[in-house]
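Structures are listed in the sections that come next.
Next come two complexes built around chain A: one with chain B, the other with chain C.
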Partner chain A sequence: MKLEVGYIDIKDVQFSDTSKVAAGVLYVEAEAVRKLVLEDARIADIQLDIARPGESVRIAPVKDVIEPRCKVGSDLEIFPGMLGKVKTVGNGRTHVLRGSAVVTCGAIVGFQEGIIDMSGPGAAYTPFSETNNLVLIFTPKKDLPQHEYEQALRMAGFKVAVYLGDLGREVTPDCVETYETYGMLKAKEMYPDLPRVGYVQMLQTQGLLHDTYVYGVDMKNSLTTMINPTEVMDGAIVSGNCVSACDKNTTYHHQNNPVIKDLFAKHGKELIFAGMIITNENVFLMDKERSSDWTAKLCAIMEFDGVVITQEGFGNPDTDLMMNCKKVEAVGVPTVIVTDEYAGRDGTSQSLADVDIAANAVVTGGNANEVITLPKMDKVIGSLAEVDVIAGGFENNTLADGSIVVELQAIIGATNELGFSRHSAR
Partner chain B sequence: MIKIVHYINQFYAGIGGEEMADHKPEMREGIVGPGQALMAAFGDAAQITHTIICGDSFFAENQADATATILGFVEQIKPDVFIAGPAFNAGRYGVACGSVAKAVQEKFEIPVVTGMYEENPGAEMFKDSVYIIATKNSASGMRDAAPKMANFALKLARGEEVKASIIDGYLPNGTRLNFFEEKRGSERAVNMLLKKMAGKPFTTEFPMPAFDRVAPAAAIKDLSKARFAIVTSGGIVPKGNPDRIESSSASKYGEYEYAQIGSTPQDVYETAHGGYDPVYANVDSYRVLPYDVLFELQKEGKIGSIHPKYYTTTGNGTAVKSSAAFGQEIAEKLLADGVNAVILTST
Partner chain C sequence: MNILVTNNPLCKGRLGNLYDVRFSEVSALEILKCARGFVHLGHSLITHPTAGGLPPGHSPYKSIVITAEATTPNLAFINAIEHTIAQYEKSTRPEPKEHLEDFAALDFALVCK
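And now, the complex of A and B:
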């Protein structure tokens, strides 16, 4: 499969009478976005705001982050099976409003939403301090159950991202990159001496607001399967979960999966990017056994010479991570796993809930329990009402001067387990 | 001026090799042997005022006496920092450096630094107790080790924040500290995999620890005589969460009496747990805290009795160390109260 991705660099987002992209600025007609969101009767009200890099702004509680993209010159659509038609994506051309993002903001469970600081010490821990963010602040209908609110908010985020992404359809991109994968035989013929490297992505599917969707399918109901990495760039995988902010893979993380990017960077040079497996993180033991068995089996069938395995979430999924790792190693395929740690606030506790001797090559996104003080910002988008109960918060964590003390756990993307950031620990 | 006392063995003091290894502890004024290399790195920032010398065999064979003598020397001088070695890959010297450094740290509560090759037996024994700067495996690594040890000693003396082991150059000591790498995680993963596939050396960022696996207790033979309790990591607390147990990374557990059977669960209980959709647990907390079932079983005479209190915390993101401490305390209370059957529920 072959995907051309045209990146349109967005340097600012502004409200305007008409929505458009011009000279690197994304202009947004607020009323049009409001109307689009309020089509869903479950949403009582929606407010819009803009947060730019370097501003003294704190956004909380953040649910998801989405990058505006559109398919160009075909009948394919972004977020297939979710919002768009279910037709297979990952081919053709895609335009990206790079440097912009839609941030959905709303307390669903009041626990596992996160913080984005646009400046100050917290900004270094989240990639979304570097994007120009259109923030959607939701008010749900009264007494709307949490899972319905989650769904309404999730879909509204995608709708707005697609609406904005479409504005880039006719714009000439600042740069175009091509990502191409080959079948097993052709790849071997082209690069007979390069190792065949696979990527195993574990998707968060613990259920009860911890779900991930692939072409609209709730991944917890799927067997371990394969996907072409270019499909992921077109929104084939989307987030629908409330895992702790630090290691939640937002939809933006999926769209810009760094393992996919970095394997493509060496594709045809140092390795063959030979395929991608997606598997789940269900809570039942039988599901864990079955899914990890299938992961190992597919790695063997694909004759991978090595795989990178990435995790989402922590605790219970640590067992899936270890099962995947040891079973893949057992079929003779070397692994590197990417995870993060919960080593306690002082860093002296055991980092993972499960370990195995086979996991001898680990990349870590750092200790999520480490505490950080986030100084007061001039402006809060959303609300800080939940900042003591969100995962990573604690009692009396707002200080007299208005700064807040949280574990890194509370910051969106701080210890990302796709290896999206440079944050780590030793 | 930062005042430093330096510990070395008989070999580095120029007294002799193995044949002089039973040399008794002595203290000399000023700098001896490798202290020169340390001083070159200190410049005007610190001064080695005294050097303590002890033979490796003497230390190994008379550890208690040797340590007492050495502590006596240190007490006379009252240095700001104590440095031992570096010992490189010399086993007995490494154990002596680690052991003396640890004793000084404990007795005088001053910063101590030593240096060793990672495979020195002293490293395994003492890396979690004292800072051990990683060195090469022979004395040819002095030029590299001395400035690292000196700079780290200055840092400790000045009370500066200690950074992750990979940055400050000490052997990993079980304390995980965050920092920003030069490359993002995904790129490090791909590079590590290329090395691993090619059979080249690579360094994991998280060595697998020994895992604590607990053997289950023996089965209870007669339930009708057993006293039951419930302990949950599902976060069920009295309505309003009176002790403010955290939604994740709990710092405490709660000890509560059950609400009366017959009261509506959602009026008296809720969950503090932040790791799952709380709707079903809030509507009927007995789904996580099955007291209603125990109550019935007791009425039917199938179980002996129910301990009137339950213990609860949130398992979500809670450090294993904290969980183990909670578990220990709870188990002691339950044992003291004659409980011999515990139902553990999660989420």
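And now, the complex of A and C:
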């Protein structure tokens, strides 16, 4: 499969009478967006705001972040099976409004959404302090059940992202990158001496408000399967979950998965990016056994020389991670796993809920329990009412000067387990 | 029929057709300890004790499914439940008093399949 991605660099987002992209500025007609969102009768009201890099702005409680993209010159659509037609994506051409994002905001279950700071010490912990964000703040209809609120908010975010993404259809991109994968035999023929490296992505699927969708299918009901990495860039995988903010993969993370990007960068040079497996993280132990058995089986069938395994979430997914790791190693395929840590505020506790001797190459996204003080911001978009109950917050954590003390858990993407951050250790 | 050990009032009246429901009004930690008793007697865990995507001590509710039959105690299950209890015992977070319905709904969804 071959995907051309044209990046249109967006340097600012502004409200305007008409929606358009011109000279690197994304102009948004607020009324058009409002109308689009309010088509869903479950949403009583929607407010729009803009947050730019460097501003003294705190956004909370954030549910999802989505990058506006569109398919160009074909009948393919972004978010297939979810919003668009279910046709296989990952081929053809895609335009990206790089540097912009749609941020959905609303207290769905009160305790599992996160914070984005656009400046100050918290900004360094979230990639979305560097994007020009159109923030959607939802008010649901009274007594709307949580799972319906989640669905309404999720779909509204995609709708707005597609609406904005379409504005880039006729715009000439600032740069174009091409990503191409080959079948097993052809790749081996082309690069006979390079190792075949695979990628296993674990997707959060623990049930109500913890789900991830692939072509519109709730991944918890799927067997472990394969996907072409370019499909993921076109929105084949979307987030529907409200797990701890620090290590949930937002839809933006999926669209810009750094493991995929880095494997492509070495593809044909140091290695063959030989395939991608997606698996789930279920609650019942039998499901965990089945899914990890299938992960190992597919790795063996694909004859990978090595795989990278990434996790999403923490706690019981650590068990899925270890099962995947040791079973894949047992079929003779070396693994590198990417996870994060819940090692206590002082960092001395056991980092993962489950461990195995086979996990001997581990990359961490950081310690989610580390405490950070976030100074008061001039403006809050959304509400800070939930900031003491969100995962990573605690009682009375607002100080007299208006600053708040939280664990990194509370910040969107702070310890991302795809490695989507700039943090490192010495 | 598998056993459901729970302190979640939502599970109490609604899962009787699926499980032998053992409901008690105790803390989540006490539910874990109750499940530990079963596991040491040789019952198997059907659901993972830390399921739910919430750190220890964040949710007041806990529901765990275990087999009705007991065989030889399984070391992996013992490790899983002991590790979870150790984490809960370390948590100093006061039990939440808000969003109880949300916590109950999430916990219920984990075992209602």
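One rule holds in what follows: the second predicted complex is superposed on the first by the 423 of 426 C-alpha atoms of A that agree within 3 Å, B and C clash if a C-alpha of one lies under 4 Å from a C-alpha of the other, contacts with A are read in each partner's own complex, and residues count from 1 in each chain.
Keep this in mind: a residue touches a chain if its C-beta (ideal position, glycine included) is under 8 Å from a C-beta of that chain, and two chains touch if they have at least 3 such contacts.
In this text, all values refer to a predicted model and were calculated from it rather than measured experimentally.
Novice: Could you classify chain B and chain C on chain A, in the superposed arrangement, as clash or fit?
Specialist: clash
Novice: With the two structures laid over each other on chain A, which partner does A:T364 touch: chain B (first), chain C (second), both, or neither?
Specialist: first
Novice: Mind working out whether A:Q206 is in touch with chain B, chain C, both or neither, as first, second, both or neither?
Specialist: Touch status of A:Q206: both partners.
Novice: In the overlay, answer first, second, both or neither for which of chain B and chain C A:E130 touches.
Specialist: A:E130 contacts neither chain B nor chain C.
Novice: Which holds for A:E180: it touches chain B only (first), chain C only (second), both, or neither?
Specialist: neither
Novice: Thinking of the overlay built on chain A, is A:D293 touched by chain B (first), by chain C (second), by both, or by neither?
Specialist: Once the two structures are laid over each other on A, A:D293 reaches no partner at all.
Novice: Could you look at A:Q146 and tell me whether it touches chain B, chain C, both or neither (first, second, both, neither)?
Specialist: In the superposed model, A:Q146 contacts both chain B and chain C.
Novice: In the overlay, answer first, second, both or neither for which of chain B and chain C A:F284 touches.
Specialist: A:F284 contacts chain C only, not chain B.
Novice: Please indicate which partner A:D218 is in contact with in the superposed arrangement: first for chain B, second for chain C, both, or neither.
Specialist: Touch partners of A:D218: none, neither chain B nor chain C.
Novice: Could you say whether A:D356 touches chain B, chain C, both of them, or neither, answering first, second, both or neither?
Specialist: After superposing on A, A:D356 lies in contact with chain B but is clear of chain C.
Novice: Which partner reaches more residues of chain A, chain B or chain C?
Specialist: B
Novice: Thinking only about the overlay and not a real complex, which stretch of chain B clashes with chain C: 127-135, 145-153, 181-189 or 307-315?
Specialist: For chain B, the listed stretch overlapping chain C after superposition is 307-315.
Novice: Which positions of chain A sit in both the chain B and the chain C interface?
Specialist: In the superposed arrangement, which is not itself an observed complex, chain A uses residues 109, 111-112, 146, 206, 208-210, 244, 314-315, 342, 344, 349-350, 353-354, 389, 391, 394-395, 409 for both chain B and chain C.
Novice: Could you list, by residue number, the parts of chain A that touch chain B in their complex?
Specialist: 109, 111-112, 124, 145-147, 195, 197, 206, 208-210, 242, 244, 258-259, 261-263, 266, 270-271, 305-308, 310, 314-315, 334-336, 338-339, 341-357, 359-370, 389-395, 407-409, 416-426
Novice: Show me the residue ranges of chain C that touch chain A in the complex, using the header's touch definition.
Specialist: That would be residues 45-55, 58, 65, 80, 83-84, 87, 90, 93-94, 96, 98-99, 102-103, 105-106, 108-111, 113 of chain C.
Novice: Would you pull the chain B residues touching chain A in the complex into a rising list?
Specialist: 164-167, 172, 174-190, 192-194, 196-198, 202, 204-209, 211-212, 244, 246-249, 251, 273-280, 315-322
Novice: Which residues, counting only chain A, touch chain C once they are in their complex?
Specialist: That would be residues 109-112, 146, 204, 206-210, 241, 243-244, 283-286, 288, 313-316, 319, 342, 344, 349-350, 353-354, 389, 391, 394-395, 409 of chain A.
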